[in-house]
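In the two complexes that follow, subunit A is the common piece, with subunit B as its partner first and subunit C second.
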Partner chain A sequence: MSATVDDIEIREEAAQRRRAAIRRYAKHPGFVIGACGILVLLVVALLAPWLAPHSPTRTDLMNTLAPPSASHWLGTDQFGRDVLSRLIYGAQVSLQVGFFVVLISLSAGTILGAVAGYAGGWVERALVAAIDILLAFPSFLLALALVAARGNTLDSIIVAVAIAYTPRVAAVMRSVVLTIRPRPFIEASRAIGLSPWKIILRHIIPNALPPVIVVATVSAATAILAEAGLSFLGLGVQPPTPTWGNVIAEGQTSITTNPLISLSAGLCIAFTVIVLNLLGDGLRDTLDPQMRRNTGKLL
Partner chain B sequence: MTAATFELRGLTAAVPGEKGAVRLVEEVSLSVRAGETLAVVGESGSGKTVTFTSALGLLPKPGRVIEGQALYNGTDLLSLAPEALRRVRGAQIGMVFQDPLTGLNPVFRVGDQIAEVLRAHLPIGRREARDRAVQLLGRVQIPDPARRVDDYPHQFSGGMRQRVLIAMAIALGPRVLIADEPTTALDVTVQAQVLDLLSELREEEGMAMVLITHDLGVVARQADRIAVMYSGRVVETGTVDEVFRAPRHPYTISLFRSIPDLDAPAGTMLAPIAGAPPDPQRRPAGCAFAPRCFAAREADGCMSSRPLLTDGAHAVACHRQGMLEQAA
Partner chain C sequence: MLLYVARCAAQLAVALVGIVTVAFFLMRAIPGDPAIYMLGDYATTESLATLRARLGLDLPVWQQYGMFLASAARGDLGASVVTGQSALAEIWSAVPPSAELAVAGMSIAIAFGVPLGVIAAVRQGTYVDVAVMALALGGISFPVFWLGLVAILVLSHDLGLFPALGATSEPGLWPAIHHLALPALVLGLSVAAYIARLTRSAMLEVLGQDHIRVARAMGVPERRIVWRLALRNASIPILAVIGVTFAWSLGNAILVEAVFSRPGLGSTILKAILARDYQLVQAGVLVLAAAVVLLNTLLDLVYGAIDPRLRKA
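Moving on to the complex of A and B:
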């Protein structure tokens, strides 16, 4: 047997499949808009020191609650701080929260869910019970309680929100693992003498990731929303650090005269959440073979 | 006669059912020596696969072995701790499964999957594992192994994937290779290649091989001895010569009658076996084959007592065995 026609055909087919995958992503308007939106947010957050026209924390008591002008595009707040600059820096906090919450809850949830789904027996029953108890609890309330207990530094907020969102990832992960466990290559890897941990890490998790990544993208949005909610309630990152939730809360006092302050921060949050959801939907549609036929016609 | 490399003694495995344990396989005794191929034959659901997965501790929960031994070089695998058993699987006893299309993890390169077997059992580095993976791909006759080692499973055809799975099974030089219907999912031309490869490897390595199949043609070509299973039990066992020339169990006889014969006169009808094998939850009280048997007779106890496998090299489990021989 040499490199046969068959062989060449198979390689050609693989290359075609790759091109088709790229085309599928490019053709999905939601995915493209979502990905571009995230990219814009990332650039804004990373380049905040260069993009922001003013310092986000420098007060100017001679120029409070100024209307939009050439030097203050969105005006100033009640301490004379530039609203646009505060929003630009606020993106840093929001994206950090989104990123780290997803990182933590994705890792923890993936492992917990995979262990529960693969182990079966009492291990599964115990983990599922724990997951269900946490799921039954409203996650925002849980995050609120955890922040109240652990203090409101950025770290503790991230940890609190991550703990609140881990059970969702774990629940999805477990259900996916249940569909992977009976597949022949898992039996084969048991037959070649791999340890259960190796099987989970090498064979179960990589195959279960697509749906979990979708959940993670969407929970990034809810995490950012949760952080904004905590900040708004005064339990988030403390002023004067600019966060979108803080800007809304501070703008509240002057909402009748200067609605633009709260409104613009609210729009930032809405934009981020929408963009992340579009990205999540796009990933779902393109990663799920059954949805592929419909892609490109949604939205 | 050298000692058996792999031997099952009275293996009985069951799953819990509504009315007590449902026995999937009952009192299965088999053995295979180094350099020998034992074919295990039977229709779907006769317990061929369950026999070997339970012997290796791979039977999915809640199934479990309730009786018997699985001896590998004299050690009962079923008495080993899970960790010790895990070290035997893959290293000492290799297994090739039925479906090569789904037997490989789709998200990893084939070379990495072969290397994984090696590294699970040997203290070797990445580079060495990779080199050995290339060698192994060459051994199972994959063309251009140095390049194909970095391919993903979907870039391989079915026959080639089965070769990869065989490479994984023999990676550590096991003394026993269990091949569970290794060619069922493959094209006929590819089947022959894969079977030839298996027997070549068996000869070179002096492995004991168990070939689970329902294809009697494969048995005739590849196997030294045969064990016929029906409804969870071994009903006849002997050398391929003996069993093919003079089958003694009515089930085996019916099996041969149901195969087309090129030498038979034109127009001869095949004789399928009427009925279906019994549900393991509702096996008849007597011989499990009695309801479908052309020779079953109440007077001989076919309907009331379970026939036991006779002693000797060509053994059979049938109440009517004596009568059938006289008739023949």
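Moving on to the complex of A and C:
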């Protein structure tokens, strides 16, 4: 079948719109810096075995707490392990936590929030009450108690942090859905007899996604901070597996003589959180300037 | 207004029952048998059974829940599995140092966060705005325990301005304040960054509204517009922000207490988690969540006092 003139025009218009969107993103300095930063972190985490100069867990008791040198750029820790290699491998844990927490809390929170916002009535009241009660628990405390309950493997930490952050996503999602529900196209979908689930999945969620994507980016940042906090308290992924949080905790004992260990690990966390926040702010500004109102309060 | 107060009180009661319920089921999710933990691995079957019966652990979960709810209503949250003392009393004794830290930290956070957010909003797009926002981004991005370590390293170890320990047994007000200063500053500044970001966006929204444009057109001085008209209209979102950050700062306070070896709820809960003292963890989690709910109810009352429209909603 050959394309008609109309088809070609429509395709051209879509391409133009895409080019305009790319230009808009490229012009936003925060977005560009954030995206590049995340890319760098991903490359570091994926290529850790090739990038790390030493094994992150091999101890060398003849060479403990060594100052920076040509073979150990950031020195060694109290077991003689190469700090730089531990930081490079630590990126794997942090990024996994960020990614999976967002995946879980975003899926669960989006569905809960969308159902609450769309259903109305007692379903909404019950879900909103549940969300509000869960929001009363400081999320870090909730994650702490859940990790204590489920043990400190990487999986259970991810699940614990995800459960702690799900009510936040759900609350944002609901507030966004409330602005979409009265719009004519939803009424039209109801009028042509679509089932509520179809309306939620096909029309509500796709239209509510932009603000939720912004929340997701920022949740990834807070999830990474939470995991670091758990690791710092000794409740995170256990040593010798390197995480940025436990590198800081282990460096704490020698902070006055070898401050570089804890300082550099903290900078890694801060770098990751900053680029994620820049990316989130950039997405918010570029996707929809109006959404500040919907997401701002809970970010 | 009386009706509004009654509604707030009713909401508070529902929320308190809700957090008790969540805390109960959360703690039951912890694997392991508390009776075995209390009596040790060599306990006889009979003594384990007696203890389970005494703690009500042999009853169906729903019956346990009902009993728990009833005793919680009387202010009884069970006894610590480790010390045998009343869990609530033990948690309660850890509240004063935590309350000091929370009040001092939140005061610093509000004192820095709100004015900085207002200034950034007024100077939107200028270097002042960029600088404040960069600072705030840094503040929310560095882990609070790491900021604590850096503060100890620089202000305490290198410059000797503050003690590295966040608490003291020395009597007197001055030593207490001196030891509290550094933890409160670290906690306060990390929360201030968050408050500044949200205050800025609340102010930007108000500054764009019509009544502000009218006031400008009528020649009301800019200082009066910003600090009187706009800030008052932005006060509800800003108070809401303070309510949201309070829960968050309680989470951060656990980490700050750990860094500065300060006694308080955080370190009590942490010790209880490590000792698998689930009654104590449960009581601690409940008290913290109740604090958040109480503050939010207070804020609701304040909103009602500020904005009469909300009393009808």
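Brief remarks on what is shown
The rule is short, and it goes like this: the second predicted complex is superposed on the first by the 272 of 299 C-alpha atoms of A that agree within 3 Å, B and C clash if a C-alpha of one lies under 4 Å from a C-alpha of the other, contacts with A are read in each partner's own complex, and residues count from 1 in each chain.
To be clear about the criterion, contacts are C-beta pairs under 8 Å (C-beta built on N, C-alpha and C of every residue); 3 or more make two chains touch, one makes a residue touch a chain.
Computed from a predicted model, the values in this text were never measured in an experiment.
After overlaying the two complexes on the shared chain, residue contacts for A:Ser195 are found with subunit B alone; subunit C is out of touch. Using the contact criterion defined above for the overlaid structures, shared-chain residue A:Arg58 touches neither subunit B nor subunit C, since it reaches no partner. Of the two partner chains placed by superposition, A:Arg19 touches none, neither subunit B nor subunit C. By the touch criterion stated above, A:Leu144 is placed in contact with subunit C alone, subunit B being left untouched. After overlaying the two complexes on the shared chain, residue contacts for A:Pro184 are found with subunit B alone; subunit C is out of touch. Of the two partner chains placed by the overlay, neither subunit B nor subunit C lies in contact with A:Lys27.
Put simply, more of the residues of subunit A are touched by C, taking subunit B and subunit C as the two choices. When the two structures are aligned on the shared chain, A:Gln252 is found in touch with subunit C, with no touch to subunit B. Common to the subunit B-facing and subunit C-facing surfaces of subunit A is no residue whatsoever. Per the touch definition, subunit C reaches subunit A in the complex via residues 14-15, 18-19, 21-22, 26-27, 29-31, 137-138, 140-146, 149-150, 152-153, 157, 198, 201-202, 205, 237, 240-241, 244, 247-248, 250-252, 254-255, 258, 269-270, 273, 276, 281, 285, 288-289, 292-293, 296.
By the touch criterion given at the top, residues 1-4, 6-7, 10-11, 14, 17, 120-121, 182-185, 187-195, 198, 202-203, 206-207 of subunit A touch subunit B in their complex. Those residues of subunit B that touch subunit A in the shared complex are 56, 58, 60-61, 86-91, 94-95, 97-99, 102-108, 116-117, 120-121, 141, 143-144, 152, 154-157, 165, 168-169, 171. Listed in rising order, the residues of subunit A touching subunit C in the complex are 129-130, 132-142, 144-146, 148-150, 221, 225, 228-229, 232-233, 235, 245, 248, 252, 255-256, 259, 262-263, 265-266, 269-270, 273-274, 277-278, 292-293, 296-299.
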